[in-house]
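Chains: A, B, C and D, in written order; residue numbering restarts at 1 for each.
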């Protein structure tokens, strides 16, 4: 089974999901205070938007890298990839929840960011599953792929799943710190993610 | 007529439709009860979201499989494929109707799931039509395609159309059971759908 | 300049525009009458949805046919094609206007359908412009393309522009008849549009 | 690293962003004055829609031109390109802000257009960064690319960044003139943008 369409479909889903994030920003309404204040008061929405954009962007880059290593795709991988896309497509929802609750703090802000972190955890696990499946089925990989390197890259992604668990816990201590942690983790992966 | 663009366009439509499903989830609003309760109360929306995602995902995989068997595409197939896409694009609407009505039960919940089932029936029939057209026009198929296998696959999809009819009927007995039936049917097709 | 990306981008825009149409359907709300009645009362929205889907679908098929005839694309054609996409992307808006006003009849329903017809006229003119530009610049066409056939196809599209003018006029006599006319014109083009 | 998927993903993002602009147009509602007046009163929304469509369209054409010059893509370019896409995806938001505030004039209209101009400035800078990176890493360019021409094209884009700064300032003098300036700048780039 050729991998062209799985890339095309995944790219389409990533592209739509990353663009729908903008719908989480609420357009100021006349008679509701000055534009500047209304936009400014939305800083949690912007922070969440930026963080989710970064995360989806990185997942897309890593998906790109992984697909380049595959010579072919089997039916199981199609469905594990769909599971990953399910978690990607979901991201605009917890992002909107964070945007709604972060500014006012309190318990609900913590629950909102914990929910966001759990969504990221799910995505991280789904991505690891795609990676794991490809690593366990060498016949799917290009011959030139270094299997050891693939497995060390997998371990790095598995660490991400642990980092997201810690961010779920951190959410209950400080919602803002946890969101900042998501952004920092994104920046870290941007520079440190496996090039293999 | 080359089939590259029909794949690209279909992939785009599938990708957008599957991503728009997330817009059916309602973002909790402050002052309306705790986040956790508001999210929890939306379980029918999540169930419908998950089911529709699974169904569109499977249709995409099967579309992928069917297209791989085609050597070329005629104008009629373009329009039958458009009919299929019409039914795919429509899915977020009945999904939203189920999300709105399922939790409160009663007659409206049953009508909502019956409507959902009817939309799936339409999609199933449209998919069968694409399959049937390709099977009747052997000149469209790659030479290597086993025509017998194609026809047995077609019969399996036609069974799907009957299953959806039963789910329409089941909706009037139990809305929740019928939605669960949709999910179960999706899982069944994930494992059992024709590999041809 | 290669034509691959103009096709990919156009396919993406067509795919998103055709899928956004579903957002024009209003999800029934509990406490507002039975689901069945609320869905039934929306028949103008469904009629407009179906008609616009058909029109965008046909334009996509014809765009596909036209692009297949091109060997290359110049910068002007990129921008004329963007003009076409501008009119395609706009369609969900007049579709929503028709969905809102058609059922209650009266002057506003007529204006709504006239507005819809004007949007279709604009799209028809933009499509003709793409066709005309390609016809006037033979160096863009594949050598195998029959220039005479291209020009007769162009005349057929130009007739479409006249038909849409008539539908603008008809809107002021009967909004429903004019919308039916759009649907009928779509069906006509589905069967009769130039295969060249 | 091959450039096919960066093009496919970027095309998808451009296509979705340009299509989401239509959601900024508000569908008239019955009982709120005649359709014609409601649509007419939205002229700032239409003006902003048209301007943003033109700008995204031009950026897409220029992105297309730039990508055609690249032989390969490195990881840094992937992320700089993501930064560009972040600014493109954002555009529907300031467009909606302008649509909401422009008609009623006053200070808020000026702030709205200044915000819009700042978003364009960000996009212009991100595009320049993509250009600059490619120019500084000759190994990414096709051998046939004229490096001098590339740098003169870069200077032209850098001028755009200055023009947008002026439009930020102009917004505070006249919101409408500044929006017209955006449109005029778009038309200028349509004809004058570097063909290299």
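In the analysis below, a residue touches a chain if its C-beta (ideal position, glycine included) is under 8 Å from a C-beta of that chain, and two chains touch if they have at least 3 such contacts.
What you are looking at is a predicted structure, and each value in this text was computed from that prediction instead of being measured.
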{"item": "Superposition of subunit A upon subunit D: rotation angle, C-alpha, nearest 5 degrees", "value": "90"}
{"item": "Residue-number overlap at the subunit C/subunit D interface, same or different (half cut)", "value": "different"}
{"item": "Whole-Å separation of chain centres (CA-atom averages), subunit C against subunit D", "value": "26"}
{"item": "Mean-CA-position distance for subunit C and subunit A (Å)", "value": "36"}
{"item": "Residue list for subunit C, restricted to those that touch at least two other chains", "value": "8, 12, 15-16, 20, 23"}
{"item": "Touching residues (chain side subunit D, partner subunit C) in the complex", "value": "7-8, 11-12, 14-16, 18-23, 25, 27-30, 34-36, 39, 50, 53, 57, 60-61, 64-65, 67-68, 190, 195"}
{"item": "Contacting residues of subunit B [partner subunit C, same complex]", "value": "1-2, 5-6, 8-9, 12-13, 15-17, 20, 23, 75, 78-79, 82, 85-86, 89-90, 92-93, 96-97, 100-101, 104, 107-108, 111-112, 115"}
